[in-house]
Amino acid sequence: ADDSKLEELKAQGFARVAIANEPPYTAVAADGKVSGAAPDVAREIFKRLGVNDIVASISEYGAMIPGLQAGRFDVVTAGLFMKPERCAAVVYSEPVLCDAEAMLVKKGNPKGFKSYEDVAKDATATIGAPGGGTEEKLALTAGVPRDRVIVVPDGQSGLKMLQDGRIDAYSLPVLSINDLVKKANDPNLEVVAPVVGAPVYCDGAAFKKGDEALRDAYDVELAKLKESGEFAKIIEPYGFSAAAAMSTSRDKLCSAK
Amino acid sequence: MSAPIIKIDGISKSFGTFKVLDGLSMQVMPREKLALIGPSGSGKTTILRILMTLERIDSGHIQIDGEQLYHMERNGQLLPADERHLARMRQKIGMVFQLFNLFPHKSVIDNVTLAPILTKGIPRAAAEKRAMELLDMVGMADKAKAMPAQLSGGQKQRVAIARALALQPRIMLFDEVTSALDPELVEEVLNVLWRLCSETDMTMLLVTHEMGFAHDFADRVLFFDRGKIVEEGKPDEIFRNPKQERTQGFLKKIIAAGHRV
Amino acid sequence: MTQWSGYFGLIMQGALVTIELTLMGSVLALIMAFLAGLGRLSRFFAIRALATAYIEFFRGTSIFVQLFWAYFVLPFIGISLTPLQAGVLALGLNVGAYAAEVVRGAIQSIGREQYEACTALNLGRWQGMRHVILPQALLVMLPTFGNNAIELLKATAVVSLISLADLTFQAQVVRSQTGNTLVPFTTILIIYFVLALIISWGVRSLERRMARGLDGVRV
Amino acid sequence: MEWDWNFVWEIMPTLIQGVKITILATLLGSVLAAIVGLAIALARRSPNKGLSRTVGFLAEFIRGTPLLVQLYFIFYVLPDIGILLPPLVAGVIGLGLHYGTYTAEVYRAGIENVPRGQWEAAKACNLNARQTWTHIIMPQAIPPMIPALANYFIAMFKETPLLSAITVLELMNQAKSVANTYYRYVEPMTLVGAFFLVISLFSVVLLRWLERRYGKIER
Amino acid sequence: MSAPIIKIDGISKSFGTFKVLDGLSMQVMPREKLALIGPSGSGKTTILRILMTLERIDSGHIQIDGEQLYHMERNGQLLPADERHLARMRQKIGMVFQLFNLFPHKSVIDNVTLAPILTKGIPRAAAEKRAMELLDMVGMADKAKAMPAQLSGGQKQRVAIARALALQPRIMLFDEVTSALDPELVEEVLNVLWRLCSETDMTMLLVTHEMGFAHDFADRVLFFDRGKIVEEGKPDEIFRNPKQERTQGFLKKIIAAGHRV
């Protein structure tokens, strides 16, 4: 019964993939075609597994794991970083995209933020982060009270809120922040990267519990891809480092405290 | 002498705590033309509505044409009538309302043919032929295609009469069929009633405030007050020589208010 | 900024999804409205109770909760719907509950005298309903149905929250891809408004056609 | 996925935080909608054609487009022209404006439902315009409006989850946040649904009472 | 002989393309009781409404008590009247409507006192005393605390009369004040009109279908058709010996419809 999921996907001809609306992890071209580092890797691996195509649907971070559990997607490839709680909720492939955390602040970093703890210490400071994302949890664990962690629906909203002075910092992975800043083209912004004390995270393709066989097959192809150097060719144009992904492993990330 | 076509036996009817009819009995003979008069609120409309099964009675019995109206016999027992029994009894009775109650979304001819087609399964062509005859009789043949909204009150009422006649009931009930009309339009409808009255052998019950018409039209007049028959008799007796004080008072008021008797 | 035309295409795709949702949702809502609206007037207690429960439940819980439920909770009891199905289901059932009250109100607004005329003409219950009451009630319902359809159109924006690529969702995508907020949002506001205008225009002309003859000139 | 009562109790305090914001937003939104509606209704009655047409068109536009998109607009676009509103304020303004276009209709209908004969009788009694409004028209127009207004306020209450899109931590947002933290959707969403249902059922009772108390003027 | 209190001079009035009044002229003397009769739609109500300033006229002039109604003089020029001028003129005129138009949210006595208190600044106590006298006159003193919804049609109409009288107008306009009433209730209101007519020296214009009443009540009768005065004269002349064919036809129809003349 273990291989049945892959057979199912093959028969169906495509895999349903959840992605986030967050460049450069994912990108939607003007013609509506989905690209970006995560879907590109997934597309390649599924092709090698004999599943010709992926059908990507954009989803909120918070909705990804429930959606996976509810059988809405076959896999999440969205920059959903591996963390012990998540490893308990889903089954991950080996690491794919790695990134450190960054904070977007006003020019000159007026409040001098270096870490989430700095935000916690300043009683008037607010920080924006995606709901259900890693950054929200990091901020909360660092001691920022709930009412100063603003749940922001997406990157553009976060950027806008920072520009408008509604929040003092907006936190996302480094590459996401860089992409935002590039598009915004606003000289009054500054990136703090990486955030001190925040670990480097890697995401992996996340599968539903019970789909371990599919995950194992995925890992095999992912390893081949990494070895052949094609992996780097796919992700590096987006700014990600292949070396970082290859220097760590799922076991390490999932057992990190 | 033949048997009465309507036989009302000690019926009572209350609305909430208000007793409208209290043990009323009366009989109507086939082909009789009966006028019901009396002050407002005396229960005239209620009687017609009960005969049309628009209201239930609380107690008593009604026989139409020898059959129980609100009861039916099953294995020798008298049970409350079910909808099927009522529907069958209703075939014998037609009613024309004070406010016409035409179907506003149907043309004149469709108003007249709807019930025959649906309830008697008469083919449309035959139903329309018959409807045109009836509309002709009430002087409305040229308006067959008109919608009710395009008619005057008197015209509407004449269509309503044709509609009720289309089902060929043995008994026709008319409830103040002229009182919602402008004085000038009343005449149209009264003319139709005159013809009907002289040309058919239907039994007719007519509630009216038109004392002059009641006088000339009716074989017998019933004067009602508070759900009771106070006086009854030939029109001449009632209008020229009322015996009861209540009747005298009523007629005097009506005259004072400008109505001709 | 040469890509605007491409992104505009994306928004038009979203508009198609929105129209699709509105149409299918309206059909479902219409069916539910008549089922539940007539159900509430039924002679049988069980049917009345069922219709009332449906109406109060779907009017009572917010459309959001219904949507999230249809999308995230139903799969756990073995019913897995595509986002489109979940959207149509939630919108149709929700708006249907409101429209059911419109159906009931319209039927009850037809005067007692029309029912009595039916009885006097010996029409059966269903015959009277079908030929006399409903045709008149339909005209009463129509304008409110138009408003309900516009409510439904507006509610489709909510489905963007369950990742259905409707107008609002596509505007969000365009916004994060281009970094521009004003253009996509203004565009979709106008599109929504035009769609709403089309609905109310359609309903009005339907109404005019149906009302023909009902208030003709008195001759 | 099973229902977990422990989890329910654990998240209850957080959800209650959200309930408070939800209720606050509804109350403030209702007050604003009542005022905005009156302003729109009066502007539309104005003899100044320019004013009444412009306000009429704007109201139509607001009523024909989704509140969600309007909220995005108020929150993310207005700052570009220097209007920076805190999330809750932006939300209340969105709700107030949107529902103000509905309450305006209630006011209009309420005023128009006072029979023309009442205006004429007031004139025949030689009352001036102000006396006519305060002593004759308003006392008759307002009571029947109350249930209709309450109806819209309840509808508004059910739309407050939209405020989550502009970072207001109302009930729905709290529930999502909880769900995201624990990766459990069933309990929080069901609780939110139950909460809305309970309040709605209460409000149905309240509405029926209002309708009985104020719905009809006996003539 | 004194000057006319109402002087209507070539007034015209159209609704849309439909011309209701076309160059109508007429005069009414102080203390005169005038009955306006004529078929439905002939413009009788419209004249009363114009006098009450509920409708504007398109052209022509009206003088009330020697003063222009719809115009006012300013520095020797005749300008359209403003609201202040109209309000002042309205003090001379009272009107009773066919459908009573009582204020449903106010008790009977409040209906009567509202206008005197608000427009004349009469203290409440004095206003109520006077209101009770008027209610007594119309036989409604015992219902002073009742709400309009609790009254019968005839009672409502009597309150409406008292309300109009409370402002002590010099001219009273009555528009079919009995036609919305049941026949038996008509009497109540006609009785009040009789008293009013004999006891006051107000000028009264009365539109009515009660020919008998018009006959006994009026000093002069005007017969209208299509916005024109077809015939006028003493009641006896008009009712017993109408000169115009149109008047004859109208009266014949009314008689046929059961009304006494």
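Lettered A, B, C, D and E in written order, each chain numbered from 1.
Operating definition for what follows: a residue touches a chain if its C-beta (ideal position, glycine included) is under 8 Å from a C-beta of that chain, and two chains touch if they have at least 3 such contacts.
Given the structure is predicted, the values throughout are model-derived calculations rather than measurements.
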So if I look at the partners of chain D and the partners of chain E, which chains show up in both lists?
none
Following contacts chain by chain, what is the lowest number of steps it takes to reach chain E starting at chain A?
2
Distance in touch steps, counted as few as possible, from chain C out to chain E
2
Find the chain most remote from chain E, comparing centres computed as mean CA coordinates.
A
Weigh C-D against A-D on C-beta contact pairs and write down the one with more.
C-D
State, to the nearest whole Å, the distance from the C-alpha centre of chain A to the C-alpha centre of chain B.
83
Separation of chain B from chain E, taking each centre as the mean of its C-alpha atoms, in whole Å:
38
What whole-number Å value describes the gap between the mean CA coordinates of chain B and chain D?
53
In whole angstrom, how far does the Cα centroid of chain A sit from the Cα centroid of chain C?
38
Please output the residue numbers of chain A that touch at least 2 other chains, ranges allowed.
66, 160
Multi-chain contacts in chain D: which residues touch at least two other chains?
1, 76, 165, 185
In contact (per the touch rule at the top): chain pairs:
A-C, A-D, B-C, B-E, C-D, D-E
Touching residues of chain A toward chain D in the complex: what are they?
61-62, 65-66, 69, 85-86, 89, 131-132, 136-137, 147, 150-153, 157, 160-161, 163-166
Where on chain C is chain A touching in the complex?
3, 5-7, 9-10, 13, 71-72, 75-76, 80, 83, 161-163, 165, 169, 172-173, 175-179, 181
Touch list for chain D against partner chain C, complex
1, 61, 63-70, 72-73, 76-77, 80, 158-159, 161-162, 165, 172, 185-186, 189-190, 192-193, 196-197, 200-201, 204
Using the touch definition up top, name the residues of chain D that touch chain A in the complex.
1, 76, 79, 84, 86-87, 164-165, 167, 169, 173, 176-177, 179-181, 183-185
Seen from chain C, its contact residues with chain B in the complex are 113-114, 116-117, 119-125, 127, 131-132, 135-136, 139, 213-219
